[in-house]
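In the two complexes that follow, chain A is the common piece, with chain B as its partner first and chain C second.
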Partner chain A sequence: MKVLACIKRVPDTGAKIVLTEDEQRIDTSGLGFTMSPHEECAIEEAVAQVETHGGSAHVLTLGPPEADEQLRTGLAMQADEATLLETDEEEWSPRATADALADGIDRLDDEGFDLLLFGNESADAANYQVAVRVASELGYPCVTGIKDLEVEDGTAIAKREISGGEEVYEVDLPAVVTVKEGLNEPRYASMRAKMQARRQEIESVEPRAETRAGGLEKVRLEAPETDDSPAEILGEGSEAVPEIVEILAEEVEVV
Partner chain B sequence: MILALVEHDKGTPEELSLEALAMARELATAEGDSLEAVAFGDEADALGDELGEYGVEAVHCVAHHHLERYAPDAWAESVVQLASEREAKTITAPGTDRGREVLARVGTSLDAPMATNCLAVDIADDGAYELRRNRWGGSLIEHARLDGEHKLLTAAEHEFPIEPAASPTEPSVSTFEPDVDDDLFAVQVDRVETGDEEGIPLGEARVVVGGGRGVGSAEDYDQLEELAELLGGTVGASRAAVNEGWRPHDDQVGQTGAKISPDIYIACGISGAVQHMVGCKGADTLLAINTDSEAAIVQKADWAVIGDLHEVVPELNEVLRDAA
Partner chain C sequence: MSDAFPSSADTVVIGAGIVGNSLAYHLADQGREDILLLDKGPLPDPGGSTGHASNFLMPVEHSKEITHLTRRSIEQYEDMDTFTNSGGLEVARTEERMAELERRVQSAAAWGEPGRLLSVEEIEEMVPYLNTDIIKGGFYSPGAGTCDPLRAGEVMRARADEYTDGGLTVSPNTTVLDLHVEDGAISAVETDRGTVKADEVAIACGLWSPKIAAMAGVEIPLTPAVHQMVSVGPISFFEDYEGEISFPVVRDMDTQMYERQHGNDLEVGSYQHRPILWDVDEIPSIDEAPLSPTQPPLTDDAFEQSMHDALEIVPELLDDPEAGVRHEIDGLLSVTPDGAPLLGPLQDVDGLWSCAAVWIKEAPAVGEAVAQWMTRGWSDIDLHGSDINRFYEYGNSRQFVKNRAHEGFQKIYGIVHPHEQWQSSRPLRTSPFYDRQDDLEARFFEAAGWERPQWYESNEDLLERYAEELEGLERPNEWDSRWWSPIILAEHLHMRDEVAMVGDMGFGIFDFVGEDACEFLEGMAVGRIDVDVGKTVYTPILAENGGFVSDLTIARLGPDHFRLITGGAAAGSDRAWFGSHIPENADVTMIDNSESLCTLGVWGPSAREVIQSVAEEDVSHEAFPPYTAQEVTIGEVDAWAMRLSYVGERGWELYAPMGQGRRLWELVEEAGEDHDVRPVGMGVYGTTGRLEKGYRLHGHELELEYDPSEAGLSFHGIKEADFVGKEAYAEALETEDAATLCTLSVADHAPEGGEPRFMLGGEPILDDGEVIVDEEGRESYVTSAGTGPTVGKHLLMAYLPPEYAEEGRELAVEYMGQQYPVTVEIAGSEPLFDPENDRIRS
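Up next, the complex of A and B:
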């Protein structure tokens, strides 16, 4: 079985998001980069499915050259191959991203992938659509928001949480599945695996996307106002306990 | 015409659908356009009365012999056919699993752009939409333009107040029979499995005691469990704690976990990363217990105790136990 995980490089913002002067992006000086937790689960699932069924696991991203760092995270988690659809720093719109991914997937492999895993939504943009659009371009069925997945005899059995339980889908492979954190527990890469991943080759491919007028275009970003008035300090250590009890009783009225 | 997808439970509209309808109505009012609704499933025809209060002029109930179980491609194709017949150029959906995936599929059929998580939408002189939408789970806002022959939008959660229209309508209620091929049922709910419910769900708890990396071990959550129990609440966790294997992912609060809205959130040993805070911004009040007076959560909290949670929480439990 050939399994693909699509991931997106995003800044690892800490406790406060600071924007660049032109309000076009997050000021990443001093920040690390990461991917969505959903996508980490997509990589884990790809690798685990291959461990069970045999085959190979592939990670793919559309992003700047530095996104090879996130691909190497995938390789260190035991994915077999990684491909970068290389762009400049600009973020692509969801339609262009989906075009380029679908085209890239086509070019990557003649036989095609059996299972294509995506995050339910990207960490930064949360467009909730790249996977659906890729599935449509490739003509594959697509299920979204999956937290439980099994593959048996060419069928994916996928479950999505609803209030009071789960709804179950059974779709024939090849299929696109978008997953949520909680699907599995992504493995930690060993030091050795990380070293090896650093030496592995990453294929870089020029992306192609249709150009269309209009669409969804970012104008600028805004960091919303937060209430930064410091908390009232009730005290240090357990000397504050009487104050906490008073708040719970008087202000919040839960005791 | 603006067409709004409405999810409902046997004729009672869902809250998030009414919020999305509020967004759609703002647009209809601004454009001087009419607002119609499309709904699937049993008793959709009962939606007329309530949707009239929100200014809907027509309710289209999709009927198809194969549609007794949810099938996203068939839903999307039905919406596309209805939109074409009624000449709808803007289509809205609630920010739910179904709303988003159906609208994204409509987007592929119409080759139309879609903006999710919208907070506000204005109409520019050239007819494009100027909107604000949430990024990073709501810790960042994007100002964007949405332009195209068809425009698709989903509403961010709990941003559009549900208020009756100034002039209520008496919507026409009609059945729409789409022409959908069998292959549009390749993805369809096969069955529903009911879960076993235990404890108070995080999203509904009045008190949530959250534990982060500062808790230090799975065993040390016993102290937080006890505090939660004394206060009639439930325990939540940060992603760091879940990654350590101390708590199940179901307990996680934040961007990729649960959104909570308790009367009080007691955050113990949690630093206050933005991805955690977007999950608890619905809390009325926030009490932080942290050894580090510089921690971001201390800035964001209403009250803070500077100290070791392993000292403060057991002491607090003892006082509460004695008082009970």
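Up next, the complex of A and C:
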């Protein structure tokens, strides 16, 4: 089985997000980069499925040259191969990204992948649509928001949590599945795997994308308001109990 | 403990990492009753380096000061129940490193800390998971261990609160906005929770310290730098062991890395990667940082070789199939231009203190020592190597800090020769003699930023002339002769035979002017200062405990005008010491002439003939007696001269305006041609000439931990006038000395045959194989080492307890794993060469 995990390099921010002056980007000076926890689960799932069923796990991203850092994380987590659709620093719209990914996926492997995993949404822009668009372009079925996935004999059973229960989908492979944190517990890469990943070659491919009208256009970013209400330590040990009870009863009104 | 933000406090400590907590605790212990401890971050972990350090303490260093601070810190962590004694192991992969570890054993013995070499088999037994195939041996430090600095901080805050009877206010989540300075003194700290008035403020903000200092217009020279660290686990091997650590911390010295157990994890830290320096303004705030401001993400490519090396030395643990890299950071810590902490008063703002660039392993003791310094003027452990004033007015620029930090980072865990010179940011301070000296192929060493010739390659011809005298004094061993040349010895002999010119020494030169100048200086010095105009006084400067703050020369230029001349290394701290003691309303002005006047020493039997031939004035013995000073005109140059000598020869120190220095040099050089005058280096001035004369050097022989009686500098007796340290000094003169400063010589440089070896300083003195310790617990060690070519011996200075301080007494010195017989030549300060000082006095 061939499994693909698509990921996105995003700034590793704290509680407070600082924007550049033109409000087009997150100010990343002093910050590192990462991928979303959903995507870590996608990589883990790809590797785990291959460990169960045999085959190979492939990690793909569209991004600047520095995004090879995130691809190497995937390799260190035991993915077999990694490919970078190399762009300049500019952020691509979800539509162009999906175009380029679909095109890239076609070019990556003649036989195609059996399972294409995405994070449910990216950690920064959260447009919730790249995976759906890729599935549409490739003509594959797509299920989103998945926290439980089983693959058997060319079929995927995917479960999505809903209020009060869960929805269960059965889709034929090849399929696109977007996953959420909680699907699995992503492994910590071993030191040796990390070292080997650093030495592994990452294929860099020039992306091709059609730019069509009607796509989403970013006007500007707005930083979410941070909650800077102070935390108060009420006390330590049993001494704090009366005050906690009082707050639960009167302010939160749950008791 | 109060939470309300106060409007005033006795003392404000900014920064609640391990250093600030320790300082607040010890200030409370020392009697400060009203202390505000604040931090921008939350407690217990405000987000600085304390929160991510690997928290192990390896006590043995080549620096006595740092070793003693670490040992004292271990005692404190133990006392707070936050220390685990694991032992520590430094392993060698190379023969060169094994020699360095032998030097570690030597330093351990000299500073009174246990430590021994281990064979590969012993290492295998002690740490079964090490790949011993690549190890040649190791140094074991049984006193080493790990600590919990966050818990220690809590204990310290609780104790401070108790000692002050609730007088400690702790204010986390408080951002300092400004420091208010009034009339040159700190007056208040402005924060986002309010402004607190205080006339004593300590900056203990780790790598943010420069930013806070800048608010008061002063500088703390450090830069944030990355120390890469990862944690790998869970490792099944450790599951059989309870507690945080059951195996010694391992330092893999040759790869500049460490591996230490932490519960079920192995922490792997590295200093081998390229230096990664941060700009303090680029460090994200607590809210902006995903982990903490001082824990940015690991720079992967820089860590690649470290992973390779770690996997090589602990393959089994790191290849545990269950284990992964659970935590990985570019941990930010503070790096200074010379690697040592930045402690003490910021002399341009009264009441403002620096307590920065301190490692976890030194922090409790540093807090204690700085608290002592703040409250009573001196610390039990001498901190001269960490005094922030050592960089005063030359080493505070961002560029300097960056260059030196870049260079110094690569020396962490390195094999650093005691005389190794810095290469970056040079030349920085040059005298007007510099170009001429460079033409003469001077080998420049640096002191307090000044370029000083150590010797001149142009004097190589003297080697032949003095071949006979030099026999047996040359150093065949590469380590012993590194940063050294036999030319130094030949220059010395030439000076004793003819005449030499030495300069510039990079002195601190401070003029004190005003009606109260005499009284002020009288109150600062052991020697009598109210002398005739034209006299010079060499005097100890003491702290209240009777220990040495400095030793220096004061000349009286006029009734209300004195000139104080001190060594370059102590110039910044002496300036701070004198400046801070000038009483309010006293008519005393201190003028710093260090960068205005250059100094040229002219010494040797022919010195008078040389100087007389170019001086307008009569410089005969009668007209210009020894230990006096007067103005002289040398050719066209208006100079001022003191007739004294640190090398024990007839001659003068000539002081001239920097602008006329070049001319002064040329005049003397030309006038001395007939006498074959040679420029000679600081190797002669600072070592060979000095040791033959038994002259003491601050920071080597003279420290807070020794008094003038022990140092043999009690010739002033006890004067009538009061002075700082008088009581303790008088007591020291009355009681029997626990140790006496002695000059020893090496009796045999190769007792077991083979290559003769030459000690460099810092080695322990042994009797019967055991390091000698005086009744105050101070080890006997070599304070200065150097060859005396005229006496034909390799000389060592060391403090010895009375039962050993007898001329002719035979002892041993340990050097690089061997013992060498030494003989006590002089007990006390009498010079070995020319004991009557006939040369100086004629």
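Following the convention adopted for this analysis, the second predicted complex is superposed on the first by the 222 of 255 C-alpha atoms of A that agree within 3 Å, B and C clash if a C-alpha of one lies under 4 Å from a C-alpha of the other, contacts with A are read in each partner's own complex, and residues count from 1 in each chain.
Here, contacts are C-beta pairs under 8 Å (C-beta built on N, C-alpha and C of every residue); 3 or more make two chains touch, one makes a residue touch a chain.
This structure is a prediction, so every number in the text was calculated from the model and none was measured.
Visitor: After lining up the shared chain so the two structures overlap, which partner does A:16 touch, if you call chain B first and chain C second: first, second, both or neither?
Guide: A:16 contacts both chain B and chain C.
Visitor: For A:190, decide between first (touching chain B), second (touching chain C), both and neither.
Guide: So A:190 only meets chain C here.
Visitor: Go through the superposed model and pick first if A:225 touches only chain B, second if only chain C, both, or neither.
Guide: Touch status of A:225: no partner.
Visitor: See if chain A has more residues touched by chain B or by chain C, and give me that chain.
Guide: The larger set of chain A residues in touch belongs to B.
Visitor: Could you look at A:88 and tell me whether it touches chain B, chain C, both or neither (first, second, both, neither)?
Guide: neither
Visitor: By the touch definition at the top of the document, which applies to A:152: first (chain B), second (chain C), both, or neither?
Guide: neither
Visitor: Starting from the residues of chain A touching chain B, keep only those that also touch chain C in the other complex, and list them.
Guide: Comparing the two interfaces on chain A, one with chain B and one with chain C, the shared residues are 13-17, 226, 228, 230-231.
Visitor: For the complex, which residues does chain C have touching chain A?
Guide: 42, 173, 230, 232, 268, 282-290, 296-297, 300-301, 304, 307-308, 310-311, 318-321, 323-326
Visitor: So in the complex, the part of chain A that touches chain B is made up of which residues?
Guide: Contacts found on chain A: 13-17, 26, 36-38, 93-95, 123-129, 132-133, 136-137, 141-145, 159-160, 162, 164-172, 180-182, 185, 212-224, 226-228, 230-238, 240-245, 247-248, 251-255.
Visitor: Would you tell me which residues of chain B are touching chain A in their complex?
Guide: 70, 72-73, 97, 100-101, 104-105, 107-108, 111, 113-117, 128, 130, 132, 134-148, 154, 186-195, 197, 206-207, 230-233, 239, 245, 249-250, 252, 255-257, 263-264, 271-275, 284-288, 293, 296, 298-308, 311-312, 315-316, 319-320, 323
Visitor: For a test of understanding, state which residues of chain A touch chain C in their complex under the given definition.
Guide: Per the touch definition, chain A meets chain C at residues 12-18, 29-34, 69, 72, 187-192, 194-195, 198, 226, 228, 230-231.
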